[in-house]
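Following are the structures in question.
Below are two complexes that have chain A in common, paired first with chain B and then with chain C.
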Partner chain A sequence: MKVGAIALNTFKEAKRDRILYLLFFFAAGAIIFARILAMLTVGDRLKIVKDVGLAAISIFGILMAILMGTGLVYKEIDKKTIYTLLAKPIHRAQFLLGKFLGLVLTLFIMTGLMGLIFLGIVFAHSLRFEGRLLIAVLFIFLELILITAVAILFSSFSTPILSSIFSLSFALIGHLSWGLETLIKKLPSPAARAAARGLYAILPDLENFNFRTEVVYGLPIPPAIYLHATAYGLVYTAFILGLAVLVFRRRDFI
Partner chain B sequence: MPDAIRITNLRKSFKLGFIPRRKEILKGISFTVSEGEIFGYLGPNGAGKTTTIKTVLGLIFPDAGTVEISGRSHLSPRAREELGFLPENPYFYDYLTAHEFLAFYADLFGLARKVRDGRIASLLKLVGLAPSAHLQLRKFSRGMLQRVGLAQALINDPRVVILDEPLGGMDPLGRKEIRDIIVRFKEEGKTVLFTSHILQDIELICDRVAMIVDGRIVSQGKLLDLVSERVLFTEVTVAGLEAEALAGLGECLSAQGGRVLLRVFSEENVERVLRAADERGGRVVSLIPRTETLEDIFVEKVRQT
Partner chain C sequence: MRRGAAPILLVLYLFAAAAGTMALKVATDRIPRARVPGSSIIYLPSGKYLKVATFGYNLLAADLIYLWSIQYYSNYEIKDRFAYLERIFTIISELDPRYTDPYEVGALIAVAEAQDPELALKILDMGLAKNPEQWVFPFEAGHIAQMTLKDFERAQRYYEKCLAIPGAPVFVSRLRANAMFKRGDLQTAWQTWLEIYDTATDDEVRKVASNHLYQVKAAIDSGDLAEAVKAFQTRYDRLPASLEDLLRTGIRSALPKDLDGQDYVYDPATGAVKAPTIPWKR
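For the complex of A and B:
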């Protein structure tokens, strides 16, 4: 109930944010542009529409999660609304969870809308409803949930600009860390391999949520992969939120 | 019955500055606020008033000492359920209307919708904002925000109300209304702890006060015990005489428009002034004995520290 009230208020706050609409506008523009791009290209045009469309949903979704998530807690502290809020009978963990869920709800609606535009564009191109594309959109959303948690973690102790830089770095590292797998195979020294493995275990691997290639090219996806990606996303999100609570729990609001 | 608020040996320091240096803000604060009283907490800027209040509310964690609200730890949600708080210069979610804002805070106490809506309506009426219930807070003046802030502090019908500078930014009429509301709290059995720079307000409505200067409580007790009935001086206004005619009888504060305002420090001199006025054809316009005020004590304590 209390978490729900904070989440609903966060949603009301987020939906008034101009950045959200600006990013949504650009995302919709990019998805529509994918169709124009496909028309100008030789080859499998439908694949280009799907590829560019899903990439746009992913990129703009990440930007939404970071730019809004990093300001959520900071704004409450900066504008001092947190004074009256935390003076009420709520735990600080409930406050953070409410903020998190409020933004997740906002992102759910925005991802859903971007997904609908994307499906509409694909339908306009192929005259077929391709429901399988929604799998890729769903896992993009799961990735956005994790990035929201990361943005809230940084937002709980840092300024929005620094938090945005940290969160963006997390997203970039997360999409590039899979390269370590290749590196591990090629490293000659067992010690170096062990170090690289340790690093790979610590760094996020956001490519776990990337089902774009499989969906666009119609490749089979074993159910275990879905399960692994979902479990990875949920556990990692819970871990990051736990860290945020630890940081936020003993913070003084001067 | 336990005290409404009990603060024992509270200490807090912060690291401040580019090269952090530890600065002790609270240096062993102790005081109690009894059930059903209006308690004034006063001190100059930077003395530690707001830090004390924030510690009571759990927004700041003390280095040492304890805070209890109605016998429970101030950090327990049960203690907070009985607490209402209005911060200094309140800023709230400006995209919400007054009704939406109060509904949000009511939900944090888990109030049923019917109870919630009834309470919001009565609180908005109490603070004189009923006509602005559906106006966004961004369109509120500072005084209106203060009033809606007071309403949110009462949304849970608290037993203990903490008000940080509740009269700041109010016009004289608004200040009187808020003072009347605070007095009404007492009649309803609520306990009020409030800070104010306006000593006159504290003098008018408080049962007891504590003065904090430089992180220490320098004086506390019942207002009547602190402020003595002793006459400090008498202000006498005499018409129809020149200031020179009253020279040596007191300190001349002003002499214009045929009137002389004198500050006279002894009863004998007051009588001499009256006699001089009578004998030389003057007229005594006013004679006001000035007893010690809270402000005098406050200024003296601040100077001593």
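For the complex of A and C:
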């Protein structure tokens, strides 16, 4: 109940944030621009529309999650509204969870709207509804949930600028961590290989949520991967939120 | 200043500033500047590194480089634009190996613009290696080998590769037979065209195969007759007056006829033997 109220208020607050609309405007612009960009190609124009559209949803979704998520807790502290909130019988974990869910709801609506525009543009180009593209959009949203949790974690102990840098680094590392597999194979020392394997297990692998190649080329996706990728995303999010609660509980606001 | 004039002046100022900016941009663009040949390409890292650097947006990066390459290779003012052709299309293939358009367009640019058919074959081989289910790559490679390089043996090998891929169109077997004919393997060409003729499901294909059979038979017979004419010339130090001279002198026991049962045409002035009909006009 308390979590729901905080989430709803966070959503209302996010709705009034200009940066949300600015990013949405750019995302919609990029998706629509894909159709114009496709005119420059020789060959399959639809492929360009799909690639640019999905990349725009992903990039602008990540920016929304980071830029809004990193300010959520900080704003409450900066404006001192946190004193009023925490003076009430609310657990700090409930506060963080409410903030997280509020932003997730906002991102769900934004991703949904971007997805609709994207599907509309694809339909205008091919005159057929390609429902499979929604798989890629859905997993982009799952990635955004994880990044939101990370942004809230950093926001619970750092300034918005530093939190944004840390969260963006997390997103970039998440898309690079697959490179460690190559490194593991090339490391001569067994100890170094074990250390690299440990690092590989800890670091996020956001490529688990990247189904863009499969949906664009119509490649088969093993059904088991849906469940595994979803479970991976949710468990990682729960872990990050747990860390955020741990840090936030130890913070002194006096 | 009159009240209300300030916003108008501000708007005018903004218009003037915007016009000035645009005019200056155009003027700056007109000034020729020295540039390092291929400078817009040489700093592009290899596809392997670029794939890491695109943070999972490798499909988007491949699209953008491909779009840029089309514009770049369409710019006839860049004289050295083909110097890095292979590099560019290798980068695209490393970023998005399944993207088939760049292999086809890259090969087309290599063969038609850069006049480098070997590079075109290299790009198409790369496409086939990464997309073994795409028959279009060996098909196009076979076409380049046959039409541009006139390397019919290579063309035949490409067509055979193409035919081994499910979904390859049936006309490729005809191109293969034609490549065999062109490289001089007349007996295999005859067998292949005969097989096409026997298995044809429509009259059009059967007619095409029949014309090719006529052409192959004419080539075999003309070759045999030319050799007999040569043997006559060696023996009598003159050209035969007619093909019947070959029978009379025992050089040939019989004279072949074309596929339609007509005699071959002999020119006593030159000793040339040719088919009485053009195969495509039968």
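Just so we're on the same page, the second predicted complex is superposed on the first by the 251 of 254 C-alpha atoms of A that agree within 3 Å, B and C clash if a C-alpha of one lies under 4 Å from a C-alpha of the other, contacts with A are read in each partner's own complex, and residues count from 1 in each chain.
As a convention for this text, a residue touches a chain if its C-beta (ideal position, glycine included) is under 8 Å from a C-beta of that chain, and two chains touch if they have at least 3 such contacts.
Just so we're clear, the structure is a prediction, and the values are computed from it rather than from any experiment.
Student: Touching A:Arg212 in the superposition: chain B (first), chain C (second), both, neither?
Tutor: In the superposition, A:Arg212 touches chain C alone.
Student: Looking at A:Asp252 after the superposition, I want to know if it touches chain B, chain C, both of them or none. Which is it: first, second, both, neither?
Tutor: Touch partner of A:Asp252: chain B, not chain C.
Student: So in the superposed three-chain picture, is A:Met1 touching just chain B, just chain C, both, or none of them (first/second/both/neither)?
Tutor: Only chain B; A:Met1 stays clear of chain C.
Student: On the A-aligned overlay, A:Lys80 touches which partner chain: chain B = first, chain C = second, or both, or neither?
Tutor: A:Lys80 sits against chain B, while chain C stays out of touch.
Student: Of the two partner chains, chain B (first) and chain C (second), which one does A:Pro89 touch, if any: first, second, both, or neither?
Tutor: A:Pro89 sits against chain B, while chain C stays out of touch.
Student: Under the stated touch criterion, which partner chain does A:Glu13 make contact with: chain B (first), chain C (second), both, or neither?
Tutor: In the superposition, A:Glu13 contacts chain B only.
Student: Does the superposition put A:Thr41 against chain B (first), chain C (second), both, or neither?
Tutor: After superposition on chain A, A:Thr41 lies in contact with chain C alone.
Student: Quick one: classify A:Leu22 as touching chain B (first), chain C (second), both or neither.
Tutor: neither
Student: Quick check on the output: what are the common chain A residues between the chain B footprint and the chain C footprint?
Tutor: none
Student: For a test of understanding, state which residues of chain C touch chain A in their complex under the given definition.
Tutor: It comes out as residues 52, 55-57, 59-60, 62-63, 66-67, 70-71, 96, 98-101, 104-105.
Student: How about chain A: which of its residues touch chain C in the complex?
Tutor: 37, 40-44, 47-48, 51-52, 55, 58-59, 171-172, 175-176, 179, 206-207, 210, 212-213, 216-217, 219
Student: What does chain A use to touch chain B in their complex?
Tutor: Going by the criterion above, the answer is residues 1-2, 4-6, 8-9, 12-13, 16, 79-91, 250, 252-254.
Student: Which residues of chain B touch chain A in their complex?
Tutor: 14, 51, 54, 57-61, 77-78, 80-81, 83, 85-87, 89-93, 95-96, 104-105, 107-110, 149, 152-153, 156
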